[in-house]
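Okay, here's the structure, questions in a sec.
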Amino acid sequence: MERRLKLQKEAEPEWARRISEHPGCEGIFSCLQCGACSGTCPLSIYMDFGPRRIIALVREGFRTAALSSETIWLCASCYACAVHCPRQIHVTDIMYTLKREAIEAKLYPRRLPIPVLAQEFYRAVRSRGKNAEFWVVLRMAVKSNPLILLSMIHTGWALLRTGRLSLHSEHADGIAEIKRYLDMREVA
Amino acid sequence: MSESNGTVRIGVYVCHCGTNIAGIVDVKALTHYAAGLPNVAVSRDYKYMCSDPGQDLIRQDIRDQHLNRIVVASCSPHLHEATFRNATRAGGLNPFFVQMVNIREHDSWVHTNHAEATLKALDMVRAAVRRVAHHEALEKARVSIRPEALVVGGGIAGIHAALTMANAGKHVYLVEREPTIGGHMAQFDKTFPTLDCSACILTPKMSAVKNHPNITLWTYSDVTAIEGYVGNYNVTITRRPRYVREDLCVGCLECLEGCVYKQAKVPDEFNMGLSKRRPIYIPFPQAVPQTPVIDPETCIQFKSGKCKKTCIEVCGDRHAIDLYMEPRTEHIEVGTVVLATGFQTYDARRSPYYGYGTYPNVYTALEIERLVNASGPTGGEVVLRTGGHPKSVGIIHCVGSRDENTNRWCSRVCCMYSLKLAHLLKEHTGAEVFNFYIDMRTPGKGFEEFYQKLLSERVHFIRGRVAEVTDASLHSSEEGRLVIRVEDTLAGFVRRIPVDMVVLATGLEPRADAQEVRRLFNITCSNEGFFLERHPKLAPVQTFTDGIFLAGCCQGPKDIPDTVAQAGAAAAEALALMDAGCVETEPNTAYVMEEACCGCKTCISVCPYHAISFVDEKQVSAINPVLCKGCGTCVAACPSATIRQHLFEDEQIFAEIEGILEYA
Amino acid sequence: MAAYCYYPGCSLRGTGIAYEESLLAVFKLLHLPIEELRDWNCCGATSYMSIDEGSACVLSARNLALARQLHYRDIVAPCSACYLVLRKTQDYVQRYPRIGRRVEESLGAGRLHVLNEVRVRHPLEVLHTDVGLAKIKARVLRQWPGGKVACYYGCQMVRPYADGDPDHNPVRMDELMHAAGVSTVDFPLKTRCCGGTLTGTMPPVGIRLNEILLAEAHHRGAEAMVTVCPLCQYNLDAYQSELRHRSKTFAEMPVFFFTQVLGWALGGDPARLGLKRAISGRRQIAQWFPKQRAEAAAHV
Amino acid sequence: MPEEYEPKIVAFFCNWCTYLAADLAGTSRIKYAPSTRVIRVMCSGRVDPQFVLDAFAKGADGVLIGGCHPGDCHYQEGNYKALRRFRLLQRLLCQMGIEEERVRLEWISAAEGDRVRAVIDEMTAQLKSLGPARRSHAEAA
């Protein structure tokens, strides 16, 4: 049986404050907990917390719980919550911020292919300047759950047959310049 | 008195206001600093200067220390200038030798750095000490107050205010825009939490208005102009033609049946469009006055000129129907005004995700009030727009309330009226009723008990702001019904609840023309657009314009008991003014130094009150102090600097500037 | 007339190739000059945002700066994700100094303002507003052979940077379809998310979202769906055979890009509209656009 | 105390709108820069150009005039008079070498407590970047 008690010493209010300073995260402390976000979200029914409870966790400083949640990765960035929120909280941006924090802290759920896809995509674009759908998806599957590949064979074949799958990976001509841009560190 | 001669002796009083000021500003340092300023004879600090012992300090020092100028560094002059002027007068000094320094609202409450806030306070006190040396003894002028009152708006607030003042023997003009008085309350079925019949408690008051010898009632009328000042307002009222003469009509209503329209065709405003009326109609059976009105937009005679005019035939030799009626203008003079112009409900179409206007079985709360009413369009039978009776109903709270995208404020009454409607709908139909709320707000006498009653009636309460109302079904159980999608935040999952009827608890908002009304009466609106009271706690029914008072929802959402209480308060304040018969006005009028006036007449053109005239014999301007409102625009405009203003003399302001910048 | 700057984004070179083909065909049919942005790079999309927000904005900003440098006024982004990310970058560099500084560091000092001198446009809006419904109606040469369609707008094009079309109930695509002589059904799920990349990462979840959309479109009487986004089109198109295997009642239907429908109506060569790239509803497509008819039509 | 330059702004606020807005900022505990010292006048129409010149001559770094919104003046149209006068004044100050950012006329209603903060903070920041006013120019006036 799981013990569901939270001691106040587990809360990290300073982390909550820091998160609230990220672009789009200003609103976490004005949340009413009305549930409009979770109610609107087409994916909340698959989430472990849903956006409303994620905001509750974040603003009370429960960092580990928030960052190791699956909720933030299931967010497909459709912005329905942000448009509906009666406090105009940019819920989608909060999810992005938490995804970045989760990757940095290596707290993201390992079984989930989504963070792997994000990282593979990131790598592909960093090195080529453009996405290469086939290779990114392939690497994602290999790294997270090779079984996904089985389910993809059929679709992959259909795409290939209709000329919609390119095995060739395109480079942006200005890739050197792009790399230089991306390597610049944020100025304080 | 010592003010006219001898040396200036200033007393400086620094208020701690508990920790409100002292928590940020170093009051000891400030007091010490003030003591060293020129002409300062006494400098003291005290915990609460506005308290009796605080005021006593001033009174005592004027006598003992022969002070002739007083500086009080405390809060806003809008709050306590009168207090300290009175204390000064009680000490035997002309009250206009006081200058206040606002180190609370303008300093300690808006700054966090102790040193900077203290520095600012030093500057402000120094400026006041400089200024007050130039003050003079002034006498307040007196303005007489007419004993008549104007009440604008004939809802429950206006009705109650009018009756209260009329019962006290004052003549009241009650002006209402609609063809009848009664306002929103007349549309309600029952009132929460007691479930009294709204009409039963309202209509006797409406009749009382009609029959009161001290009340002149003008319905279907608008205030179109108002001039003057406290005690002496000249008001112009335009009475729109109702095409039925109130003086000749006996209220038999035969003309309604006589109309060529045998079937009523026009959506009935009073019933929220749920029934039809004819072009000649009265809004509802108990309307006051019982005089029909012809709506020229829909009357055949007005539209084409080709009607058989059967209404006139039916009216016969009473000759009450007059299709050539013109708008009439009334001019009245009143001493006080009570504004009770009410609210409008939020337009639910602005929240398209709830489907109002798209799905026929989505209703607003006001529509449900009519639908459950025994004299409503269906005689109290709850019939859906698509026919049949609802087996389940969802009531969505906070539609157009507590939402940054629409209206930010809580409308205060929706939780309670939603509970009431839940009860009534369950009672009328036996349907299963779901309430969807964000927070349940029941702070009122008997309100929480009512909530408990509803819980025991097995009404569902689901805490969550509804995401959408849709007719897209995911399951056969949902087909042909409206599905409410919501996160049940307490149970912790998203639910889809199929219902037959959705009720939107729309919020209260300022009337669309609130800004125009505000300009007309020269008052202020809050950010939300409701009329702003003079002080939220200490002057909740006054405005910043003397003699104009607020009652009811024009000042902010409130329920009926609060509205009536506020209307009573507004009436009492107006009565107090009228019974006093006169009021003292601030002696901040402008005056001309005749000998220096060059006669250029610049001032005459800038005065909005026509208070300045030109004296031909002397070739100089002269200011009528009764008409002057003390804005000082002419003072600034005068090219020869011969116009001056009491309380805002040039020397006083220059002294203030110099004081601020002395050590800059 | 200044040329529109075409920003394909990665998907229009892969799974969304039919979108590119039909889009360029429609622009040509309407004599709208359009040129591909030279040396464009990936916008960063949602995934890059999940790793590094500042760099994601740098990626987008580079495209905007390139377009500006080449004196384009409008950059046309057909992919909803590209459209959103480009607009978001414009918004964020203004709103958040930290992001502005990061982007400026890369682009060079004082060049931040150029980003907002380019207008980010979706082709739906270009055709609806710049060209106009009347002009399109006047140029319609062919009758739509299929039945009613359900217009599906998806999410990122209408939220949160909707640009005039109401975000709850957008109508531009419906109006364009009507102008092209195509009837649409009332489709309440028109802005409900298709799940994006979830079909690949969490197949049961992603496919279920698309099943709801397809079933509702069918229930409303649509015989095809029309989309504005390569990812939406892919998701709705690619998994229908799987849905059919699971449920006997599932009805397969073609999923078009709105430019394919318009291209057909305006008399475009069917072979160049990418109609054959459909995975689902190929039977209907073959029936609606038979070979002979297509060839005959090509000579209109 | 840090030696950072703190500009000093003399503000003329009308009694009915902007002064009340500043009171509201106080009761709402809105925080803003402590640069401003308010002089209350009944109407922005009372602000004599001489007051402004005098303030600059005596060392003010900026002057802020606050009145009711157009159409909302408690005295019907005093704020319009203020506006007309202000335009002339600004031109005069410009000729005297006083930057136009140093004098501002703002319409702030009694309900706009937050606007008081926004205006004062913005003006303070601008004055900080301008540096202290050159007193000599104003004295020449």
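Here are a few things to note about the model shown:
Going by the order they are written in, the chains are A, B, C and D; count residues from 1 in each one.
Here is the rule we go by: contacts are C-beta pairs under 8 Å (C-beta built on N, C-alpha and C of every residue); 3 or more make two chains touch, one makes a residue touch a chain.
Everything numeric here is computed off the predicted structure, so don't read it as measured data.
Of the two interfaces, A-B and B-D, the higher number of touching C-beta pairs belongs to B-D. Mean C-alpha positions place chain A and chain D at a centre distance of 48 Å. Centroid to centroid, with C-alpha atoms defining each point, chain C and chain D lie 52 Å apart.
The distance from the centre of chain B to the centre of chain D, with each centre set as the mean of the Cα atoms, comes to 30 Å. Counting partner chains per residue, chain D shows two or more touched chains at no residue at all. Touching two or more other chains at once is no residue of chain C.
By the definition of touch given earlier, these chain pairs are in contact: A-B, A-C, B-C, B-D. Every residue of chain B that touches chain A in the complex is listed here, in rising order: 353, 398, 402-405, 438-439, 463-468, 485-489, 492-494.
Chain contact summary for the complex, chain D toward chain B: residues 1, 6, 8, 10, 16-17, 19-20, 22-23, 25-27, 29-32, 34, 37-43, 45-51, 54-55, 58-60, 71-72, 74-78, 81-82, 85, 109-112, 117. By the touch criterion stated above, chain A contacts chain C in their complex at residues 23, 42-43, 46, 74, 76-80, 82-83, 96-97, 99-100, 103, 112-115, 117-119, 121-122, 125, 129-134, 137, 140, 148, 151-152, 154-155, 158-159, 162-166, 170, 172-175, 177-178, 180-182, 184, 186-187. On the side of chain C, the complex with chain B involves touching residues 166, 168-169, 188-189, 212, 216. Within the complex formed with chain A, the residues of chain C that make contact are 10-11, 13-18, 39-42, 44-55, 58-59, 62, 92, 95-96, 98-99, 101-102, 105-107, 154-156, 159-160, 167, 191-193, 195-198, 200-203, 205, 209, 234, 238-239, 241-242, 276-279.
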